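There are two complexes below, and they share chain A, which is joined by chain B in the first and by chain C in the second.
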Partner chain A sequence: MVNVTLSPLYRADGSATFTSNGYSVIAAVNGPIEVQRRDELPEEAAIDVAIRPAAGVGGVRERHLESIIQNTLRHVILVSAHPRTLIQITLQIVASQDDSLYPGNLPQAASNVPVLPALLQASILALLSASIPLSMTLTATLISVKENGGVAPSPSAQDLEAATSIHVLAFSSHGDLLVVESEGYFTMDTWEKVYAKARLICHGEKEEDSESEDLSMDTEEVTKLEDILKDAVRQKVAAEYRWKQSPDSAAT
Partner chain B sequence: MSDRKGLQMEFSYVRCRVAETLPLELAPGSPAKRLRAAGNSQSFGPIPGRTKFALQIQHPPFLHNGNQNNSIHHRTTPPTFPAHTFAKLAPPTYLTAHLTSKGVPIRPSGRSPTQFRTPTCHAGSLTHAHGSAVVRCGDTAGVCGVRGEILRVEDVADYRPKMAEEEERVDTEMHSFQNVRREKREDSEEMARLGLLVPNLELATGCSPTHLPGGPPSTLAQTLSQRILTLLHTSNLLSVHDLRIWFRPPASAPICRGQEHEVMREEEEEIVKAEVKAFWVLYIDILFISLDGNPFDAACFALLAALCNTRLPHAWYDADRELVLCSDDPAESKQLHLYDMPVPLSFGVFEGDEEAKGKKWILADMDGFEEGLCRENVTIVVGEEKRVVRIEKDGGGNVGGRDMRRLVELAVQRRREWVLMLRDGPP
Partner chain C sequence: MPREAEPSINERAFVLQALEENIRLDGRALDAFRDIDISFGDDYGVADVQLGKTRVLTRISASIVAPYPDRKFDGVFVIITELSPLASPAFEVGRQSDLETHLSRILETTLRRSQAISTESLCLVAGQKVWSLRADIHILSHCGNLVTAASLATLAALRQYRIPDTSIKGGELTVYTPLERDPIPLALLHHPLCITLNYFENGEKMIVDATLQEQQCSEGEVVVAANPQGEVCLVQKGGGGEVDALVLLRAVDMAVGKVRELGKLVDRALEKDSKMRDKGGISAELSAENER
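Let's look at the complex of A and B:
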């Protein structure tokens, strides 16, 4: 269901596509490159994020998403390793569920949260592909809460329309909560359930002393997102180092 | 005095390191008193002159052979600086020194870490707007004006009247919380599709030193506009019912009742049903006059205060003239009904300077100085019955899932204060 391609673009320093749950994003990273005097930071790299929507040109919605991603990546990238440079991240939304939610053009007030996990994920993969030094990686997921209070991971367009609240949570590879965008009407009990579920999906383990025992409902095996990303990177590295392997070891 | 001035001028050449900080001496009295003292003195320090910080300065070699006036004497007694100089030289150290001061941690503004600024508000001061408010929250001040304009149904590209009229049905059996919620969601979806709420936020030239005149709206202004817009739509603050302008056919003429029932019935069949002919579009403009941190909370307060103050004139569709008419009688105008009061509270996470590794302080309702030092931001919006409307967080991983409940409690506490203030006016 999650589909990852590393370095599909050969002109950019690094690139990646990420497809999951009806959202598909292609990301390109250039950096560290020369920065305009105006944007230059004396002690760290400036990060520039540009988002292009699936149709039309970017507007205020995209500026908001850009600022969320920029703030997050500033924490993730080791910005102090490249002072007075620029790391440029361009994200193109290729497909989104909004097309089925809003036939015709998308109203500006439509929620911009559902596409965020794909954007975050694609940008992190592109940064990995560009070999930008990072202090951590991150995984993000989208969860909706149904009217009966049930937690639905990877919701479809219909689920999103019927949901009482929508949540995007991103976790670092250390298990810290990095990004939250929750909207709708919910109680803190619901939010904690969502938090536990999202942590399980992204990071694969519960918090040490979390007392939420109602997690036992999902006994089915969840492949955690972190592993999916790791596998994608591992396969890419293996493919690139194929020439190094001796013919007999490749045979085995 | 003169040599201190000289030292400040030479500072670009001097590598200085903050070696030790003298214990902070804070203004006596209650936090409120201190806050007032800090507010009057227009500086970052609790009371200028009282708080002094010691800086140990490593003099550059040229000071010793050239014009060396008094600087050598300072080796034994390090020079002291007024608090605001220290704040400019080493902002993170300055804030850490405050937060690690003896006793309770206190912020440069005199507030405790989780204390928020109480806003003041003056509603209804703009005469040309249907509702307005001037709001001040510390040194952040803004004006919000709400103006209703009429959007005719003919002008909507793909208007589907079915959706609007369907909701006219009397819902007798649906009164559970979920159904009400669902209905409200459909409402706000229609509002979003028609674009009935148009908030715009502007940061005025000179509102803060970082905002240069001219140029397109900054990313901050655009982000804030978008956040206000999504808040308006996800919080079910307003209902599309109150923004509809109806065409109601003249009530079944009471004069001829009883005489010609037959004719009446025939006529009634001919008469078109009541239908929506136009909508009120609310243009909500927020202008920041001064910006000293936390623009989102101040903008929300201004927005709520202006919406509470909004009265829309009575409007109806006149079939003969094919126009929407408004009554100019103030007695007929109607107060806009607010279905909820979403109240935000923003936090920043301060990680301390280099020496305070691993520590964190969660600061509520930051001012401009603190905002420059915090990268991780959390905003929580709560509605009625302790329900959360929005949680936004980015920029770091210090606030985890377990801290969230405490922050929500604080937001609920602030909501109580704000609701009292908005309902009953300032105390």
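Let's look at the complex of A and C:
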């Protein structure tokens, strides 16, 4: 269901596509490049994030998402390694779930956050593809809470409409929480449940002291997002280093 | 922002000398295209065209708006091209470059002014409600010949797009979702495409589908838009160099031949796509389109 391609574009320094749960994003990273005087930072690289919607021009929603991503990536990228330069991240939304919901309207999402995990994920993959030094990678997921209090990972457009609250959580590769964006009405208990579920999806292992009795109810095997990313990078590296393999080791 | 790197003097001389001997650096014939791949998205009206390393994605969307007061019976059709750093680090966010203006003007003339799409068919309630059709052209990778790639992607997307079905009862307009009624294809009157020819040696030598490097070394370009029926919609010459009138006529002839070639390619891609969507072979029954 999650589909990752590394370096699909030829001209950008690094690029990636990330498709998951009806959202598809192409990200391109250029950097470190020359920075405009007014954006220049004396001791670190400036990070510029631009989001381009699938149809129409970007508005307040895009600016808001850009600021969330920019603030997250500022801590993920080792900005001090490239002072007085610019790392430019461009995110093109190719498809999103809410396109088909409202015929006769421009596909403009009602809510801000559902596309955020795909944007974060695509940008981190593009950064990896551009070989920008990072302090860690991150994984992000979308979770909706149903009216009966049930937690639903990767919700559909209808689920999102019916949900009482939706949450986006991103975890670093060390398992720390990096981003939380929540919308709707919820209690702290619900949030704890959402947190445990998201951590399971992104990072795999549960926290020791979490009360995850209701989580063990659904024993479906979740593939860790982290593993999916790792696999994508591993395959890319293997393909690029094929020339290094001796012919007999390739045969085995 | 970095500028687009110009080819060095040596590179330029190499390209030009090779062309003098009728050789292109990628081994193509002078009138051959790079590999073309046309694919469609899951939704209607999304076409992704790869022309060698150039890649363009067009997305068609429709919304209901009030028409312009002086054109009460005409729907709205807009083409938006925006170059972003995805395509090349030389493009800036939010600043219109010359290339962008050039591209959108050519597509505008080719598709809109040639009446390829009849705007009257987009009218719902005269003077009150019309469809506003929007083609967002996303240039993903800029490796030469953007014009042909963008026109291919836009035409393919327009031909594949299905607009929601509507009905009017007692002055009230109902728009149906795809679940209620199958959406209908757009009324396209003809299918124009653009071909770019770059000229060398005082316009004596023309090459089709130049790469970025060839484009940068060329003296100028001639854009010809035509439909597979051989009707020319636009001829534009840019770049400054002189071109003999007879050479230009020959170029137009050649371009029309190429348009037919590409038109067939789009036909084939559309056929393949409709076969894939038509699971179980029931789409003919579901269609709300009138027999003509």
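One rule holds in what follows: the second predicted complex is superposed on the first by the 241 of 252 C-alpha atoms of A that agree within 3 Å, B and C clash if a C-alpha of one lies under 4 Å from a C-alpha of the other, contacts with A are read in each partner's own complex, and residues count from 1 in each chain.
As a convention for this text, contacts are C-beta pairs under 8 Å (C-beta built on N, C-alpha and C of every residue); 3 or more make two chains touch, one makes a residue touch a chain.
Computed from a predicted structure; not experimentally measured.
Taken together through their common chain A, the two structures put chain B and chain C side by side without a clash.
With both structures placed on the common chain, the touch criterion links A:Met1 to neither chain B nor chain C. Contacts of A:Asn30 after superposition on the shared chain: chain C is touched, whereas chain B is not. After overlaying the two complexes on the shared chain, residue contacts for A:Thr164 are found with chain B alone; chain C is out of touch.
Of the two partner chains, chain B is the only one touched by A:Ser172; chain C is not. Of the two partner chains placed by the overlay, only chain B lies in contact with A:Arg74; chain C stays clear of it. Residue contacts after overlaying the shared chain place A:Ala55 against chain C, while chain B stays out of touching range. In the superposed pair of complexes, A:Ala239 makes contact with neither chain B nor chain C. Contacts of A:Val180 after superposition on the shared chain: chain B is touched, whereas chain C is not.
By the touch criterion defined above, A:Arg199 reaches chain B but does not reach chain C.
When the two structures are aligned on their common chain, the gap between the nearest CA atoms of chain B and chain C comes to 6 Å. Looking at chain A, you'll find residues 104, 107 touch chain B in one structure and chain C in the other.
Looking at the complex, you find that chain B touches chain A at residues 158, 178, 181-182, 185, 191-193, 195, 197, 219, 222-223, 225-227, 229-230, 232-234, 236, 375-378, 383, 386-402, 404-405, 408.
Within the complex, the chain A residues that touch chain B are 60-61, 63-64, 66-68, 71-72, 74-75, 102, 104, 107-112, 147, 164, 172, 174, 176-188, 191-192, 195-196, 199, 207.
Against chain C, the residues of chain A that register as touching in their complex are 9-13, 15, 26, 28, 30, 33-34, 36, 48, 50, 52, 54-57, 88, 90, 92, 94-95, 99-100, 103-107. On the chain C side of its complex with chain A, the touching residues are 1-2, 41-43, 46, 53, 55, 57, 59, 61-64, 80, 82, 84-89, 93, 134, 136, 138, 140-143, 164, 175-178, 183.
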